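Pasting in a structure now, in structure tokens, and then I'll have a few things to ask.
Chains here go by letter, A, B, C and D, matching the order in which they are written, and residues are numbered from 1 within each.
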Amino acid sequence: MTVRIGVIGTGMIGEDHAKRISQTLTGGKIVAVTDVNPDQARAVVDRLNLDAQIYDNGHDLIKADNVDAVLVTSWGPTHEEYVLSALAAGKYVFCEKPLAHTADGCKRIVDAEVAGGKRLVQVGFMRRYDSGYLLLKNAIDKGQIGEALMLHCAHRNPSVPESYITPMAIYDTLIHELDVFRWLLDDDFKTAQVVFPRKSRYSHSQLADPQIVLLETVKGVRIDVEIFVNCQYGYDIQCSVVGEEGVINLPEPESLLMRKQAQLSNAILMDWKKRFVAAFDVELQMFIDGVAKDSITGPTSWDGYAAAVASDVCVLAQTSGQIEPIEMPEQPAFYR
Amino acid sequence: MTVRIGVIGTGMIGEDHAKRISQTLTGGKIVAVTDVNPDQARAVVDRLNLDAQIYDNGHDLIKADNVDAVLVTSWGPTHEEYVLSALAAGKYVFCEKPLAHTADGCKRIVDAEVAGGKRLVQVGFMRRYDSGYLLLKNAIDKGQIGEALMLHCAHRNPSVPESYITPMAIYDTLIHELDVFRWLLDDDFKTAQVVFPRKSRYSHSQLADPQIVLLETVKGVRIDVEIFVNCQYGYDIQCSVVGEEGVINLPEPESLLMRKQAQLSNAILMDWKKRFVAAFDVELQMFIDGVAKDSITGPTSWDGYAAAVASDVCVLAQTSGQIEPIEMPEQPAFYR
Amino acid sequence: MTVRIGVIGTGMIGEDHAKRISQTLTGGKIVAVTDVNPDQARAVVDRLNLDAQIYDNGHDLIKADNVDAVLVTSWGPTHEEYVLSALAAGKYVFCEKPLAHTADGCKRIVDAEVAGGKRLVQVGFMRRYDSGYLLLKNAIDKGQIGEALMLHCAHRNPSVPESYITPMAIYDTLIHELDVFRWLLDDDFKTAQVVFPRKSRYSHSQLADPQIVLLETVKGVRIDVEIFVNCQYGYDIQCSVVGEEGVINLPEPESLLMRKQAQLSNAILMDWKKRFVAAFDVELQMFIDGVAKDSITGPTSWDGYAAAVASDVCVLAQTSGQIEPIEMPEQPAFYR
Amino acid sequence: MTVRIGVIGTGMIGEDHAKRISQTLTGGKIVAVTDVNPDQARAVVDRLNLDAQIYDNGHDLIKADNVDAVLVTSWGPTHEEYVLSALAAGKYVFCEKPLAHTADGCKRIVDAEVAGGKRLVQVGFMRRYDSGYLLLKNAIDKGQIGEALMLHCAHRNPSVPESYITPMAIYDTLIHELDVFRWLLDDDFKTAQVVFPRKSRYSHSQLADPQIVLLETVKGVRIDVEIFVNCQYGYDIQCSVVGEEGVINLPEPESLLMRKQAQLSNAILMDWKKRFVAAFDVELQMFIDGVAKDSITGPTSWDGYAAAVASDVCVLAQTSGQIEPIEMPEQPAFYR
């Protein structure tokens, strides 16, 4: 069975996903697209040579008989309504982060999905599909380092535009870590604190950069994450897990070891889009395979909600300077 | 267009390829299989849940109307006849190494293909599709280290069975290097010499292990390859390219950096099958895509022939102890 | 001129220093020793074949005419009285950490030294002489990474005895970091906070292990130090400095890269005594050279005092759970 | 006892050694110097503030009553006569490489030393004292990788002047490897072969650069050494030992790991003088200690002779293109 997919939002990430589904992955076919800008939708259909109908709006696309599953890759604040619409239609939906613009919005999706009685939503937390994070998770789960006690992490970008302001370090950047930590540790967050080192000369007026987020989990794991989005030197994701018997590090992306000009060096990526390319492929292939088998397994709307709750508390902690509690309702049995 | 593929030989590698075509790659479909052991063919069809007809023999499979392209993954000495048969039928054929049991056999395939006037053969030299080798090639081609002057390489296996004898180090093991060096350097071999270090205690009576092959190319690049197939510690492929302005190394396969038990370590693979899994995927995807576009681009039958010629000279050099010339006929314009 | 040295306290570290002065370093000679246990002093004189007089007590040793400089390597709580005695006698004194048992004790030494008008005290903070830390300091001072913004550090031991209790993680273990950070950054501490991850199963009843100390400096640098003294796997000192334009890491101690048994590994030290052997040599050679030139340059009694003040606040922060201010009096011009 | 040392030849290396003896090492004192250029000798005495007599010639210096041991750091072709003169005077002599200008000259020294009945000569092969090579030797001797089977090595310099001609790659550059291999493996050479890759554009008209020397030892170990003295990128000494159960690599010199400008890098030395600074210290300290104990242990005149014999054969192999035998007389029991 080929999974017939409709894409809502054909901006950069939407076009990327449409391209990988039609050219790289197997088992899926783009049959419908829509975008707030119809010319943009048309251009993507042409560029990718898709045999796909162009819809006026997402809701019509969702309802189309020949659409088995929906990709929501539109502007963030519109995610909630399309995911709810897909749930109402009983269709599988892959939603890029954020699941919704607010934690409350996420909760409405969770409630609708639970009420519907069937898992239909997968959230685009692609790091869970990165080969390096999978090695970390496998080693933790096998007890190779005993119980995990601490995570030391960093999320660094070469630079960000002036429009990137302090809270975005949380809801735009840290959001991926907020999901991947829960998954890695099979745990939930308990408290958050944010501290601000001296500001880099490369930071902007509306941005305190770098910052350090300190998280505590229910099991007592302590996590520190440096967020440094004008670090100049590269896009660099670090994750070191300290366990009772050992320490493991997220692998560096593959590169040549080069001896040249008095340096023994490996290249560091400058472009974040290259870092998780393979993870995006696996993520969407798993979604397509899951839809084909009528049983999806990826990050749930509960995961999207949990990340949103933690994200909100971190933003609060940025301004309070205090250790802030993160209170999550109990996870419904539905998502276990 | 879906490329309809017939598989001749459903042993380990044949089944692997059938599996990746039907489950991982896109654009291809296994429609026909055959094996010298019909039960084996049947078992693979069942295990992979293929919608494929089982043929009594490879020649009938090749002639089948619904077969667009053929995979030859049968026992090595039978490769030549099936490839020639596919050429006679004007069908695309992907042939696992070796292209033929002898250099003469390879030459017969080259002649038949040239006579037919169309490139139809791709040889299974998968290293050209390995991401690490591609990084090496890209750096060389861009002149990042100036002209390449030397290659220092190693091909190590943890152990081999007693049936593995000295010449197999060349035609079974070195054969991949013989292809990949020509491709990396865009060059041909000129001489070969083999020297034997003291024998490892883990070697067998009919095997001189390790050995070192010294190659000289037409452009004057000097290559040393250590072949050590009872090295105990892992499956380890090393390739260091020394250029006029720098040195680059083939990356190690991805693994966690672990601090544990007084060691800072990365795992080394023990199983060769895991080393080039991703390269196999890319290789076959490129073949399928090429067939779909009626224009394939992978290693040619000339490449298979060139590797076979060099391989024969290396085996000769094992016993002569001399520097032996490698004489290649001029490459037909057809293959340029 | 040969510097004639008296050693007060011939336990492990005292004997080590006596040995390096008499056998490895140049320009110094052990002429006097004393120990609370006279047999121990005698045994060291015999073992090292020293031409040294054995004194009944430290004060007499300090006053001896042929003693140019004193090494205080006795039990920690006795350091203050011997250092004050050496100051009273106008003699150079090298004092192992801690300079005194309390911050107040350190302050009394500072006051006495300032009153005397001449720098006579060097404190045994040997990390300043470690080749790796010197590389870090040099890179920071040259601006190779822009201004330093954050330090991510770890101090790990394989295990500690049951007598090691929670505050010792600060005054026995972190004390070296507390000095080396001030020196690396040319900065002082402003606040301290301590957080406790879940406890390792290898920790003892009176020890919360691991713990994380969060420091803020006057310039705004943020430092996190993981202290993990039952980490099982090795003695491991990590220090990563994040600057505006790059990140630098303290080098790992030299070791062979070994491929063996499915691992690509470097050995990690298990014994802390081996980690800073070379630094101890340089530290004491610099002291001897300084005495010979009548001008010493190492860590001052002010440095010892500053580390003690920060240490006390960290111990307080262990129990308060709060962000605690670290208030240092202004540094006397004498020490600049 | 202080060892009183006379230095013959106060050029760069002579001054360096005089400086380390008087300023860094312990137990030695420079009491006499001479140089073919008396002003040069005078200048060094002044610069280093030595309490040393300046002699008209080496022979008078050797005979001086207050000279216990001699350092021969003069122009290479004069080494033999000074070493013989020291042997005639029954004095310890440390001779920089080469021991003599020819293998025959070395043999005359060996004969004189044996006739004298006492080991008096130490040759300046400092790599034996390098911490990295010592780690290699220790691992080999402990059998950590089983029996050594192969060595893959490189000796690279950024560049050499036009006066450096092809044979110098052997007698000036490879000479250190020729000694250190014998010592590492406790073995002697049996054959040598030299092959020439295509020449680097950075090479000179009288220099074939790079070149590869292939050595076979009596025990059957195979060694390949790349000599590349215009490699542009750094001074880089590589040595990888392949044993029956594992592979070990000479450590890289200590440096910071730096993340900056899209690179994860360690610095590579450009200046060979920095590479073995610590080894020079240990080497000379061991010589001084040996003289003080009347029993020296470093590289012998036999070692100097063996390296010279191998060096001559390698130079021959450069032009013959053949596998050339290396014939060593039996080592006298005196040197075992």
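Quick note on the criterion: contacts are C-beta pairs under 8 Å (C-beta built on N, C-alpha and C of every residue); 3 or more make two chains touch, one makes a residue touch a chain.
If you're wondering where the values come from, they're calculated on a predicted model, not measured in any experiment.
Enquirer: Among the chains, which one keeps its Cα centre farthest from the Cα centre of chain B?
Expert: C
Enquirer: More contacting C-beta pairs: C-D or B-C?
Expert: Ranking B-C and C-D by C-beta contacts puts C-D first.
Enquirer: Calculate how many whole Å lie between the centre of chain C and the centre of chain D, each centre taken as the average of the chain's C-alpha atoms.
Expert: 38
Enquirer: Express in whole angstrom the distance between the two chain centres, defined as the mean CA positions of chain B and chain D.
Expert: Those two chain centres are 45 Å apart.
Enquirer: Determine the centre-to-centre distance between chain B and chain C, using the mean Cα coordinates as centres, and give it in whole Å.
Expert: Centre-to-centre distance between chain B and chain C: 58 Å.
Enquirer: What parts of chain B, by residue number, touch at least two of the other chains?
Expert: As it turns out, chain B has residues touching two or more other chains at 232-233, 245-247, 259-261.
Enquirer: Can you tell me which positions in chain D touch chain C when the two form their complex?
Expert: My answer: residues 23-26, 131-132, 135-136, 139, 144-145, 245-251, 254-261.
Enquirer: Quick one: in the complex, what on chain B touches chain C?
Expert: Where chain B meets chain C, its residues are 232-234, 236, 252, 259-270.
Enquirer: Quick one: which bits of chain A touch chain C in the complex? Just the residue numbers, please.
Expert: 146-147, 149-150, 152, 154, 195-202, 210, 212, 214, 216, 219-222, 224, 226, 228, 231-233, 242, 244-247
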